């Protein structure tokens, strides 16, 4: 039930105040055209979930620099100075999460699990206010599942059925986010007739809309 | 650091009383030659973790029928009458686990997580004696991580580096088990020069020994 | 018409265009034969496939959830068991159709064990009934005259309060908060006959003839 | 010799044949330049690659964990972020090399935040130090004369008691249960100079000249 859309159609699926997961690692595998399409709307007050803050002029960082984001959940924000500036001005709230925890929080929500039990972050500020559960004699932090209204995926190649595979390291968070959001829009560099069933990474039932174009 | 081995070498890695994960779903993707190699040794008192009990004369069921198994952890045992017989004679203990829970228990151990929080089995006998954890207002069962001494994988094609990909539905539990055991032996139907990096499912650091032969 | 065919044909009408559907073993598997091609329903099997097609000559590479050799349709894909149950548990399957030994007033289901008699195991059923958006029970209305739709299940549960619709050769019954609503009755039976064959109370508002079994 | 080169060269000696290694950003990345080809060390990056090779002209498809365009070596593979951190958290990485702001007597590490000054985020560091079999800290011995090897970390922790080895331009220090053991000293410094530059107590049994920095 995939629908191939144009940039201008993206406006139908975004609105102010919504939560959006954006694929990519330091903008590698981020959907630049979808991000531009969101910037072309007037939505604001977004909660963004992404591995990092991107760069000031690249990746998800462009939404942050443009002041469209009120909350960012990420593992790293050091590459985008706009994040620090907006935090100091109290215009942006940032929740820093260990990268592996972030990946599993997203996966667990897509997998219908109640979050994860991880040793990561024990005895650090990350553990503050969280449940500690002992399993087989070892202590783990309970980190809750993370979902969002919309996923914007990048780094992909689609087939005519709407299946996706990813190119190189552009895979990163994209397949996890595809399963953890109500609406999933993928930006793809090309559309092939059919992806080998062994090579499909995100199966077509998880993709709602496809924008062709971009890297 | 992969080593290509012969059937007779398998004896070096198995011993009585050990726990073994065996890939396959109703024997599809089970390593028949590795199972034969284990039968050719005199090991006994094995704990087997497998999706199911296989068939009396096929898959992991052959180890059970031969009386080599003292404990079976599986989601389904209806296709192998030997399982029921041995249970009645108190020669075999069976722990039945929902299939999705079993998959995630194995994955969580390989991923260094403290088990999973699942809604599956709540308010059933599966929940007896287990912790119930409330997350975001919903109750989940805590199911502990599952690991083993040895993994016997099937359904795979290897490359010269020791990477694996799987054929069709033979993938099932194999890649999960590859990450949850101390020693991993894979039976492969063929060895190709190099698997496309996008198609590798089990990367070579997780494979210790490879037996060529079989389907 | 064979009672299993009646059940299968009626259930096929429940699918909407593009639905991702998981069919259990037995009567549920037969539903596939009656799905209208225009519905573009996609079948998932828990052993790791989206887009499973008809049975085939045995290839060893590809089996369905019953272990029978099958095919993959264009646009299909393969994945491991953890991914498969992420799809199932994560609410991505629109409908699952499963057999049952008993269903009760609450929509609780018993399907995996008759203690002391038959212990096949739960396989993927516990995950499917908890995870799928809609759970349809496909079963004969009685076991040789003994009601299977009960006030309270007597056998160990597969899941508590998860059935949404019960389809038998006699009737279609919806499970709602206030109880079991008799929606449709096979014209070969009277409403009274259905009531007689059902232990649980049936709420009877507006009963129509059972759909999909005309010819 | 540049102090960073000294550290990188010395750490390269710590790898054994076939090791799976994750190198952090900064000095750790430089270690790659000094790994003996015969060691067959395989480098993993947390953004989803095993077998990363040298930097390259930008391709957009493949970046390292620092976001720089890189290459993949024969036998390498790509995967998503959840799989990547399963590898990391699951204990499958033999060694991780990371920079740090502070390390203490216990082997606790502070590396991700200077409150009020610099908040880059933890990225994948918290998972790496908890999950890798061996954690090597690569850092200059002091921050312009101010010791970084402390009795107790003053900055927020990345992890509690996880460092195994500390390599600086002055010395190699092993972290054991009973404290910090001074193993090797760069011949350009005296043991006393190392002690002066270290706030934590050093246990001094049998110090040898720092290896790997001869030429």
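Going by the order they are written in, the chains are A, B, C and D; count residues from 1 in each one.
Everything below uses one rule, namely that a residue touches a chain if its C-beta (ideal position, glycine included) is under 8 Å from a C-beta of that chain, and two chains touch if they have at least 3 such contacts.
Source: prediction; values computed, not measured.
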B-D versus A-D: which interface comes out with more C-beta contact pairs?
A-D
Rounded to the nearest whole Å, what is the centre-to-centre distance of chain A and chain C, using the mean of the C-alpha atoms as each centre?
35
Between chain B and chain C, what's the gap in Å when you average each chain's C-alpha atoms?
29
Give me the residue numbers in chain A that touch at least two other chains, ranges are fine.
104, 107, 111-113, 118-119, 166-168, 197-198
Numbers and ranges of chain C residues touching at least 2 other chains:
72, 78-79, 82, 85, 88-89, 130-131
If you go through all the chains, which pairs of them touch?
A-B, A-C, A-D, B-C, B-D
Give every residue of chain B touching chain C within the complex, in rising order.
25-28, 51-52, 74-79, 84, 87, 94, 96, 98-104, 106-107, 118-126, 166-176, 201, 215
Of all residues in chain D, those that touch chain B in their complex:
17-18, 20, 40, 42, 49-51, 72, 74-79, 82, 85-92, 130-131
Could you pull out which chain B residues touch chain A in their complex?
104, 108, 111-119, 131, 133, 135-136, 138, 140, 142, 144-145, 165-168, 197-199
Chain D - residues contacting chain A, complex
45-49, 59-63, 66-67, 72, 78-82, 84-85, 88-89, 118-127, 130-131, 156-160
Chain B contacts chain D in the complex at 1, 107, 109-113, 159-163, 179, 194-195, 197-198, 200, 203-206
